[in-house]
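Note that chain A is present in both complexes that follow, paired respectively with chain B and with chain C.
== the complex of A and B ==
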């Protein structure tokens, strides 16, 4: 199974792990989930759509990252998974 | 015109999201030395997405790319497509490196109909110090930044607090910039906890002729901005000179407080007022 990881668990960052899967699954663990779960999920979904990526398991361990940081880490993780860095 | 440029590591979200609030005249988003070799892609993606989607940006954006002989250089340069980058900071600048960069920038600018991106040449080797007058004349170059740490490595010498070992290099940067009407930027001071040393270092550089200084920590900006701005005394003097000019129209030279005022003095006063206006000083 191919895996890509990017980011960190530092404040204002997030650690994104992407794995090959039979279906698209998104798991979000965030210190601000109560307020921003939907926004983080939407950012992940939009980024996957932009990159035309399906059938991956995405885990976001968020420490208060802004949208562009989440998007950046997800792109890096996907490219690392596909070795397109 | 700027006094201070702050380096921010390209893979640090906490600093990047505050890039527009730091008290520096410009921000250098660094993809080179402050980024681990295994995180180059991550840093490039982060800076790219920040520049493409953030709500607020620094008033002046500089991107330090990786050197031309690395696998990262070409992808780094692609970030000019964000249309937010004012300057590329080219590490280890030589004429050969500058020409490679020029060709790549031109191709991307034409292909994507972009404005011309200017270059800050980072001179940090003996070779670049020797070539500096050609570098300063290059049409893309609007400023030169001295990188003393790498230069001293190249020369196999140690840095000192006094900076005597970089006097020749500082002087070359200053004269190359002044003679080509571009901005000379002093090397950062790496002793981030020593304010007295920073102030002395800034004054030394300014008194030699440097026009700005780079910094590696936000805590250094207040002193850098203060030293590289005109003082209140200078501004008062410059205003008096320009007022006296108005009262002495038609005279090539005249006297103020017993001292001769002529064209070079008037130009100096005008530059002080120009800087004071730029930095919102009364």
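== the complex of A and C ==
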């Protein structure tokens, strides 16, 4: 199974792990989940759609990252996954 | 120069830090990260260097087994390898973050190999009472607003620090006794018109002006510093004369300590090596001897014209070489060390106060030699020298000022 990881668990950053999967699955652990879970999830879904990626399991361990950070980390993680052989 | 970097580069630098942390973890039990908590994509603000250095120095030494500094596109930071347990360190560092006046602006992260330990209660925003993460997400405050808040608070902190150091330095000189005809808590020495109370009053009056000069150094370009502090210095003199009934208590000190503290503000703010302070003093006062061309005919002018004695101006013009040398005599702030340092300064300084009070130039040179010969004298020799000075109505205001400068330098970490 191919895996891609990007980011860090520092404040204002997030660690994104992407794995091949039978279905698309999104798991979000965030320090701001109480207020922004939906927003973060929407960012992940939009990015996957833009990149035309399906059937991946995405885990976002968020430490207060902004949407563009999350997006950027996710894109890197996916690129790394596709390079992972 | 502050540089704006691509957002992607910042993210890459962060990942790299994460890898470095993991690598450092292979040799140590715990990894500590010291980095600023300042928003925006300009990561190499002067402020960030000031804050990281300040807090690195506050971390208990026992925790530090390995210290690494990195200057990256995500800003400057330290990584520390420690042999102590992550939990204990996190508690200690959290109290630094919570209790220090500037603690809100720093992240002292603790990494145990699996995770970075987080606080249970997330930190609040600088500007309002909301949880910071929420303000950041909702972009409730502008970056400019946030940064200027951090800037102002940082400057305020260092102004308070420098004010305390200046006050201590002046008092360590003033409280020294015996002192060869200078004012002490126990004697007016050779000064019929002064006493300890008057000196204290004068000190308290000039202190805020000296702090302002530090701030000028902090905020200004090097070429602008001198003209700006000169205006503040004149104001300080005026106010001092008001509280001393026109007695000159610290005019010389306003001049040379003012130059030194503004140089400190400049060096500190621009994160130069502290040793550069001598060169900064020198370049700030490059034109200072021109005063002798235009100045009204003060005693300083007379000393220069008659004997080519440059006095306080000469000392700063040369980058305070005698003060620099005097530091090696100031082993500690003990009575003994301060006395020897003052004696050394008297023996080498061009002191126009002494010249004024000597019978003639030969007497002036003779007195300086007496101090040179007694540099290693016994306590009894020192008492005799003190008696001689008071009997002959001598005093050494110029050298006493330079003792204050020497103490100041030691207090800011030079030796």
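One rule holds for everything that comes next: the second predicted complex is superposed on the first by the 83 of 85 C-alpha atoms of A that agree within 3 Å, B and C clash if a C-alpha of one lies under 4 Å from a C-alpha of the other, contacts with A are read in each partner's own complex, and residues count from 1 in each chain.
Everything below uses one rule, namely that a contact is a pair of C-beta atoms (placed from the backbone, for glycine too) under 8 Å apart; a residue touches a chain by one contact, two chains touch by 3 or more.
As the structure is a computational prediction, the values presented were derived from the model and not from experiment.
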Which partner does A:44 contact after superposing on A: first (chain B), second (chain C), both, neither?
-> neither
A:58 contacts which: chain B (first), chain C (second), both, neither?
-> neither
Touching partner for A:35 - first (chain B), second (chain C), both, neither = second
Could you say whether A:81 touches chain B, chain C, both of them, or neither, answering first, second, both or neither?
-> neither
Using the touch definition from the top, say if A:7 reaches chain B (first), chain C (second), both or neither.
-> both
On chain A, what residues does chain B touch that chain C touches as well?
-> 6-7, 10-13, 66, 68-69, 72-73, 76
Chain A-touching residues of chain C, taken from the complex the two chains share | 7-8, 11, 14-15, 17-18, 33, 37, 107, 109, 115-116, 118, 122, 131-134, 136-137
Partner chain B, residues of chain A touching it in the complex | 6-7, 10-13, 65-69, 71-73, 75-76, 79-80, 85
Using the touch rule from the top, collect the residues of chain A that touch chain C in their complex.
-> 6-13, 31-32, 35-36, 39, 63-64, 66, 68-69, 72-73, 76
Touching chain A in the complex, chain B uses residues 13-14, 16-17, 41-42, 45-46, 48-50, 52-54
